[in-house]
Amino acid sequence: MTGSKVTTLAEAVAAHVRDGMTVALEGFGHLIPFAAGHEIIRQRRRDLTMCRMTPDILTDQLLVAGCVSRLVASFFASGSAGSLYEIRRRVEQHDPAPLETEEYSHYGMYCRYEAGAKRLPFQPLLSYVGSDLPALNPRIRSVESPYGEGRVYVVPPLNPDVTIVHAQRADANGNTQLWGITGAQAPAAYAASAVIVTVEEVVAPETVRADPNRTLIPAHAVDAVVEVPGGAHPSYAQGCYDRDSAFYREWTPISRDRERALAWIDEWIHGTADHAGYLAKLGEQRWDGLRVAPAPSGSVSYGRRQG
Amino acid sequence: MTGSKVTTLAEAVAAHVRDGMTVALEGFGHLIPFAAGHEIIRQRRRDLTMCRMTPDILTDQLLVAGCVSRLVASFFASGSAGSLYEIRRRVEQHDPAPLETEEYSHYGMYCRYEAGAKRLPFQPLLSYVGSDLPALNPRIRSVESPYGEGRVYVVPPLNPDVTIVHAQRADANGNTQLWGITGAQAPAAYAASAVIVTVEEVVAPETVRADPNRTLIPAHAVDAVVEVPGGAHPSYAQGCYDRDSAFYREWTPISRDRERALAWIDEWIHGTADHAGYLAKLGEQRWDGLRVAPAPSGSVSYGRRQG
Amino acid sequence: MTADSSARVGGSSTADAAITEGVTVDVSEVPPHSAEFLATVAARELAGRHRVFAGVGLPTLAVDLAKRTVNPGVELVYESGVVGAHPEAMAEGIADSVLVSGSEAMLSMDALFGYVLQGGYVDVGFLGAAQVDRIGNINTSVIGDWRRPEVRLPGSGGASDIIASAREIVVVLRRHDPAALPEEVDFCTSPSPVRARRQDGFHQPQGAGVTTVITPLGVLRRPDRDGELELAAVHPGVTVAEVTGNTGWDLRVRGDVAETPRPRTEDVRLLREEIDTVRLYLR
Amino acid sequence: MTADSSARVGGSSTADAAITEGVTVDVSEVPPHSAEFLATVAARELAGRHRVFAGVGLPTLAVDLAKRTVNPGVELVYESGVVGAHPEAMAEGIADSVLVSGSEAMLSMDALFGYVLQGGYVDVGFLGAAQVDRIGNINTSVIGDWRRPEVRLPGSGGASDIIASAREIVVVLRRHDPAALPEEVDFCTSPSPVRARRQDGFHQPQGAGVTTVITPLGVLRRPDRDGELELAAVHPGVTVAEVTGNTGWDLRVRGDVAETPRPRTEDVRLLREEIDTVRLYLR
């Protein structure tokens, strides 16, 4: 599966994300694929089952925009910055409509992607003994250890129709490299039928191949590669730009008022043609505040056989 | 668990490897901890249960030297270079004594380390349906999927008393970085009660911390750090030196003749005080033939928050 | 072993003996319900511990303070995969880039939850909660009926994974009333080993569960894996009766109940001027 | 689809049509039992395949040749974790440093076996064997009784993992006699899906099992997941009767049995002068 997979975000989303699909947008606090999520909003997809360990503001926005009817997740708030009010309105008041949720712990959710990627019928973990979570979620089941230590909880595979991730870089074939917090991106990609990777930069194959241990998602698992600089904003890309924590704080009052949230979607997503337009609207000055100073990893050698 | 763990190989082996223990020396073709294995021979340990996915020449040598009475493994030959005759003599002719073996496939063996590291009572995998391996090895069992897809084979945890690995570099606290083929080193280390890491180079903490994604075994899992340049010979260390393929070919006739093999152990292991002595005996010229040209990975940035 | 248990009752003006070794230092008058007070008390719990798994919120603040005061060598572990963080600035959340840059290891989440946590390497799991009950069950999921809750809380995150495998759990609560400390939680997200044991035939978790709950009124401890929470210390100006009256069950009071030492002014200065300069947690 | 099935029977001196598109090229007279011959036949099996999992030994040689001739775009995957190898020299084994340097990805073994293999990304698993039987079971463990074997073979390595999940398996044998091709293997290391199905109630492997066996006498194929191996091609100078007489069961012969095209002199030159210059596999 060689050959360039580079395309535009509009084309990638149009080609791979369809109404009613199960879509994983992964990125644990870091490298959250906001630009791709915003494009799903622009294309007005409906009735998606959204899979994300930490739904974050991105899910709140997709819910406000009416794209999502079901949520598979393990944390229903926005990191340190408080509640996601659209999620709360849906769950607590069924306003404007109920939201079906399927809930795990972080490791339970991660193990679902692992089982999905490995085509295992289930994955055991040590969590949940004594917890009410299995009663709430009948997909959490248990099996007896055949070695005599009693029963252990298991989770079933999660195999999204599409997984979308953001990374620092990939080559045109889709060999994808990320560093910093790597989240559930690799198993979520391998678990999916189709994978879209957005990156800060499409780089030469030689750049990737100089450091193959950094490739966490090889080309064979990737269907579309899109260069989207700043594509994780307001989350961050390690070494590229920092989290827009001010935006995270600003979202709380926006999210609390459904009309304001709708207006935000209209202005910032439907009101911009693409992510470049969104960033232009954000402005150079705000972006300047997110810049980070370089902190080089240093280079190691892989060696070449001589003679 | 901060503070230097740097010691000598003689001290590390004396402190952590005792007769009758279950010892994992991992490294999949790459970074095989030969120097540590040779030190086990020098210290005349007995009755060890040796765990290695690919026993390789190292296990053949430990068997010749009388250190090992039991072998847990998934491949009983020496890569492309043919039979390990000491293993074959033990198994086929019980000469000079039988060798108890416990056998898995590669992924089965890997999953045992995984289950050991994660303290899971078992790990499922898709292998073995229809194979005779479960009949040969009663530790390979099966469980029924609670999601209705039938039974699947599982393997139990493997928790060595000691795991020994070799790596390109670590800091004095034991934060260990390796690249190239990473094998079962990380799960084998986490599965063990004690861990010895030998490295090509002990580096400053700043070097490790400049690229934290390369740390596969953090300090908290490591008990002893030993700087042993060339410690993987005759296997290799990516970027440092190449495999001594000539030695691999030379071992076949040595291994075929038990008296020759014993003489080799006497001359090369008992006849040298330590690994530096072994390398000196090997000679500068032979080492020159294993040198590799540099192939830099290039540097990425992790970024620093400004202001 | 902890700062609290060595402190005297009765509003002494000398600060935590474990820190100052008898030297008199300035103590701060910040009220016991303040984030500064809670964070300082929480930070002291980390004296002598090797490895701490810090959850979202106030725990992030407390571990930062601990690393600057009572335990510079403490190894900070985060569910995002960070091991041995050396942040140059306060982390605004458990996935902040400052936790990553300069850390000792950046593991996969599988290695973090599987090897580090389930592997038994975490001494203290440091969590926030909406409710903690008598035997140390934690609720972070819902208030009310979970089919249509009054309040949808964040859910488990890593909490129900952490409680199963961390050696012990320290919880910081920002309220102390019968709703936050009920006889039994509305929903058990992260179970006490007492509750886990009732699930007959299951492989039992290795963790001791919640051993310490720090609230705006005092410190509750559950010294016995099979036991219940009891009052170990009251904060300055708080009476034992106030604590028991605001707890949702008949709270047992230890015979040696202590008074919590006040934060040092230096602790409060560090929190305000060097750690949480943006007032993210110090609300 | 394969080179063999498009070739004519009867010792034509024109080489493989799939490679040369009708142009007459020099063919080599290396004997069919030579490593050069076997590697060339094996390499041609890879035309049109995306992703190949190369085992220890002759397969390593064959995939190198395939990448230089019939399928430059083939993605080479090794159990050591290498994905998309671009070796600058012939790999002396599946863990050779030349497979790592310049590769597209160096995955953990968990990702390689779990995600890539079990995940269904491998089109062809390319294995050596001591025995292959009628329905395509592979023995790489022991000859004789496994409790005290006559010959202790290398064992499974990755083979029993690969056969369960690779779309199909190609085996190269260096002998063709009833001992190497018995009615039933002495020990089944890596099972045919036919044998797997007899294990009632088990989640069945997705792979088709062994579809092709290349021997010094000919090429056997098992076109049906539920079927048995049959003779599809004989090597030049070999009769059908020679093959059936040296096979341990009543080998079915296809109506359209072909003659294997000889290697091109260029294939042999590449193998000898550019690939296996140290004569590691070309023994």
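Note that the chains are named A, B, C and D in the order they appear, and that numbering of residues resets to 1 at the start of each chain.
Please note the rule applied: contacts are C-beta pairs under 8 Å (C-beta built on N, C-alpha and C of every residue); 3 or more make two chains touch, one makes a residue touch a chain.
Just so you know, these numbers come straight off a predicted model, no measurement behind them.
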Pair of chains joined by more contacts [C-beta pairs], B-D or B-C: B-D
Longest centre-to-centre distance from chain B, chain (CA-based): C
Separation of mean Cα positions, chain C and chain B [Å, integer]: 40
Separation of mean Cα positions, chain B and chain A [Å, integer]: 36
Gap in Å, rounded to a whole number, between the CA centres of chain D and chain B: 30
Centre distance in Å when chain C and chain D are each reduced to the mean of their C-alpha atoms: 59
Touching two or more other chains - residue numbers and ranges from chain C: 82, 97, 100-102, 106, 114, 118, 165, 203
Residues of chain B touching at least two other chains: 114, 118-121, 125-126, 142, 144-145, 149-150, 152, 179-180, 182, 186-187, 210, 213, 238, 242, 292, 295, 302-305
Touch-based graph of the chains, sorted into line, ring, star, complete or other: other
All chain pairs that touch each other: A-B, A-C, A-D, B-C, B-D
Residues of chain B that touch chain C when the two form their complex: 1-2, 114, 117-121, 171, 173, 175, 186-187, 190, 205, 208-210, 212-213, 215-216, 218-221, 302-305
Chain D residues touching chain B - in the complex, by the definition given at the top: 56-57, 60, 79-82, 92-97, 100-102, 106, 108-110, 113-114, 117-118, 137, 141, 146, 148-161, 164-165, 187-193, 195-199, 201-205, 278, 280-281
Touch list for chain B against partner chain A, complex: 118-126, 141-147, 149-150, 152, 154, 156, 168, 179-180, 182, 207, 210-211, 213-214, 238-242, 291-306
Chain B residues within the chain D interface of the complex: 28-30, 54, 73-77, 79-81, 87-88, 91-92, 94, 103-108, 110, 114, 125-133, 136, 142, 144-145, 149-152, 179-184, 186-187, 236, 238, 242-243, 245, 292, 295
Touching residues on chain C, where the partner in the complex is chain B: 50-51, 73, 75, 82-84, 86, 88-89, 97-98, 100-107, 111, 114-116, 118-121, 165, 203, 206
